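The same chain A turns up in both complexes below, where it pairs with chain B and then with chain C.
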Partner chain A sequence: MSFQVFLFYLLAGLTGLCAISVVVTQNIVRAAAWLLFTLAGVSGILFFLGANFVGATQLLVYVGGTLVLVVFGVMLTAQGPFITMKTGAAEWAVSTLVGLLLYGVLATAILTRTKTNDFATGPATQQGGELTRSTVLGESLLGIEQATPKANVTGVPAEKRKDLPSKGERSPVGYLLPFEIVSVHLLVVLIGAAYLARTKRRRQAEGGQPAPRVEGS
Partner chain B sequence: MPEEIGLNHYLLLGALLFVCGAVCMASKRNAIGVLMGVELVLNGATVNFVAFAHFNPAFVIEGQVFALFVIVMAAAEAAIALAIVLNFYNNHLTVDVDTAEELKG
Partner chain C sequence: MSPTLAGFLAAFIAGFVLITFMLVSAIFAVWLERKVAARIQDRLGPTRVGGKFGWLQTLADGLKLLFKEDLVPRDADQVLFRIGPYIALAGSFLAFIVLPFGNGVVPVDLNIAVFFMLAVMSTEIFGVILGGYGSGSKWAVFGAMREAAQIVSYEVPMAICVLVPVIVAGTMSLSAFGHQQNGMFWNWFVFHDPFTFAAFWTYFTCATASCKRAPFDLAEAESELVAGFHTEYSGFRWLIFFMAEYGSMVAVSGIAILLFLGGWHTGLLPRPWAGDLSETFLGTFVGNVLNVLVFVMKCYLLVFVMMWVRWTLPRLRIDQVMMTCLKYFLPISCFLLLGVSLWQAALAPWWFKYPMALGCVGLFVAMVVKIVLTPSTLPVAGLSGMWNAPAPNYGLLPSPLPGKRE
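Up next, the complex of A and B:
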């Protein structure tokens, strides 16, 4: 067993164990900590796949940004009975059964893929090593680099594909516009989140305090 | 144990993350726990995207670009969902999703 295989199994096993721990633990603070390790493990898997930029983005945005948001949410709401909210035994049984069945279906579908779908037996060695550099990723976002060098599965007919400009000219398949749209979308969403989460003391004082409801556990 | 890591290994890991997230969404009573389940599901999708990008030469760029989109969308979704959860907590003093039943018919 080579070192690469051992490293993959170590990383994947740790990530899977942490993901299962997120589900199993009843303490919401511990679930946040397990989620941190899961996200870090996923970014390690992405590094392992040669996607350096995506792995770094995963670390920055997910572990550094999203998880901090989640931890803030936990800290602001984890009081008294809400830290550990027990799920009923019947619900546990049903959800575990459904989860195992779902994983069985997915694993069967993965392991019995037909050979026609098995488009590649190994990693894209000649393309992958060069193309997964972040420079090339950015160039393909701008449309400078041809985004799909061997795009025979994207639905473009073969006769149309010859019209695509070669390397050096501007290619029509750039992802800059979707990327910009996603960026502006994120900005709008963050403004909306700030608007939603603001305190509304004045309105509550006018309309009276809502009746506090602490039910369950 | 196989000597080479194939596409199936990554797909199985992504499926495990997806199923964990789905079970987490279904079984947690804390609203933030449900949110963590969504994060797990999106991470499983990211692993699948990047694995396909690595093993299929036609999608080397596309898989990574869509993985980036998934990450940004997850950040947006987490921000909005947490704002809603905090608002719900301010109004109802609880984060139990079972008590959010005002729209029940």
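Up next, the complex of A and C:
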């Protein structure tokens, strides 16, 4: 195992550990801190793979922008000094199931390798156009160089693109898709921020009298 | 030696040199700050430690801080409180990795170096926010909240101002920026056209704000928040916060030097010496050492300007800080971006371009001359607002405060 491979596994392992910690921790600001390390680790992997621009964008947009706003929102809305979040057993079960299913789908997609869909000579590249196999997608997700489809990931036909590198050159196109998929978490962040920052309605007590106003609501 | 080992050693040496440079400049900048503050306030500052000028004052301070107890308040979030300073220092240090100090004197020559520096320096706030929040103190939380609001706002005009010279140069590589400004000082991008000239001042102001320096140091604000985000910090962790602050001051000054002020070129001396010194008869090594010296001196000059501003201007209020950014700097920077795009689209004819560029040089010289020639006197009258009220005199000596004398 070369030094680069060792570094890659170290970085990936740390990023994965931080990602697990985001889910497991109950303190909401600590979860944000772990998310910071996760996002920084992902951008580190992107730098490692030579996709400098995507890595810097990841840092600037998600770490420097979005995550600051998240913590800002948490600080503005937290009612105690360090609020904790309790997760119920049912929520644990459902999310574990969904996570395992997603993991299974991705792992199958990556590990399934047919003879006709070989790295550089498979039908996906021979047809010169559409990305038909999940294997290619999964491998380009992982940033595997040889399987990076030439411009197929973005959905633009190869003959219409002018910025394609010549054959044998490394194409950074394959890393665009994972970056976009990671950006889905922006939606989650927005929903969470809206949930945390929404106006809390005062509950009506049984006798019709409004309950005393909770401080900070 | 195997290539892996060689690469590892190269990375180790580069990192070692960089972190040494950063910490030594922090030590020097703290000493400079104390001397500048003292001189501006008509004092002497440190005079005794380490000889005539108090050279070793910062080292003595650092030694004192090392031996202080590392306190963690009872109400603090232990983890966040402890890792906060390290995050700030990491963000500040990482920016130096792509900063070229001379012709090829750069650890990693990225072709998106400017963007990378802005990106990693935006993570530095996180140390402040997490440390301030984790302190479990109201002052610290207020400081961290102000910091978050301020930095997120000021990053926008700062990044847009960075785009102005990027449009002129057509690259984001800092090394290419340095090479393009070879020669005399009118080749520097700050004198390229009126828009880059204005962009330099806007960038420098926004950079001062993003380093949370006075008059934008609302995150600390001693008069309002005790010490802001680092109220609860003591000893070495407090020291690390300040190393990060001084490191990022040098880093943003380095960006300004490379984008606007000619990088490692002197730009003043006659012909062969004005440009890249490593291309003269001195040879690559000696020339590059001189290049690095020129670059570092220029950086310290901008750091000195930041200190000068800090000890001259009063602190703004938080609403004034936000208003300055959103109502003034953001429109100004957008206008500059638009203007420089039109300028580069060759809409301006040559008989317009050259007088304008020369006018920028003249304006700059006039500003320097005005600053140098203005006699430094106490502003006794002519100030507005609260300063114009009669200075309080409690029946003692004549009041030393500025204000209208009765």
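The rule is short, and it goes like this: the second predicted complex is superposed on the first by the 110 of 217 C-alpha atoms of A that agree within 3 Å, B and C clash if a C-alpha of one lies under 4 Å from a C-alpha of the other, contacts with A are read in each partner's own complex, and residues count from 1 in each chain.
Note that a residue touches a chain if its C-beta (ideal position, glycine included) is under 8 Å from a C-beta of that chain, and two chains touch if they have at least 3 such contacts.
What you see is a predicted model; the values in this text were computed from it and never measured.
Asker: A:Gly65 contacts which: chain B (first), chain C (second), both, neither?
Answerer: After superposition on chain A, A:Gly65 lies in contact with both partners, chain B and chain C.
Asker: Who does A:Leu35 touch here: chain B (first), chain C (second), both, or neither?
Answerer: first
Asker: Once the structures are superposed on A, label A:Leu190 by its partner contacts, choosing first (chain B), second (chain C), both or neither.
Answerer: The first partner, chain B, only.
Asker: Counting only touches as set out at the top, which of chain B and chain C does A:Thr57 meet: first, second, both, neither?
Answerer: In the superposition, A:Thr57 touches chain B and chain C alike.
Asker: State whether A:Met75 touches chain B only (first), chain C only (second), both chains, or neither.
Answerer: Second partner only, chain C.
Asker: Which partner reaches more residues of chain A, chain B or chain C?
Answerer: Answer, by number of touched residues of chain A: B.
Asker: A:Ser2 contacts which: chain B (first), chain C (second), both, neither?
Answerer: A:Ser2 sits against chain B and chain C alike.
Asker: What part of chain A is shared between its chain B contacts and its chain C contacts?
Answerer: 2, 53, 57, 65, 69, 72, 76, 82
Asker: Touching chain A in the complex: which residues of chain B?
Answerer: Touching chain A: residues 1-13, 15-24, 26-30, 32-33, 35-37, 39-40, 43, 46-47, 50-51, 53-62, 64-65, 67-69, 71-76, 78-80, 82-87, 89-96, 98-99 of chain B.
Asker: In the complex, go through chain C and note every residue touching chain A.
Answerer: Result: residues 4, 7-8, 75, 77, 79-80, 83, 87, 110-112, 115-116, 118-120, 122-123, 125-126, 129-130, 133-134, 136, 141, 144-145, 148-149, 151-152, 155 of chain C touch chain A.
Asker: Please name which positions on chain A make contact with chain B in the complex.
Answerer: Of all residues in chain A, those touching chain B are 1-2, 4-5, 8-9, 12, 15-16, 19-20, 22-23, 28, 31-32, 35, 38-39, 42, 45-46, 49-51, 53-54, 57-58, 61-62, 65-66, 69-70, 72-74, 76-77, 82, 85-87, 91-92, 95-96, 98-99, 102-103, 106-107, 110-111, 113, 119-124, 127-128, 131-132, 136-137, 140-141, 145, 147-154, 175, 178-179, 182-183, 185-186, 189-190, 192-194, 196-197, 199-200, 210, 212-217.
Asker: Show me the residue ranges of chain A that touch chain C in the complex, using the header's touch definition.
Answerer: Contacts found on chain A: 2-3, 27, 29-30, 33, 36, 40, 52-53, 56-57, 59-60, 63-65, 67-69, 71-72, 75-76, 81-82.
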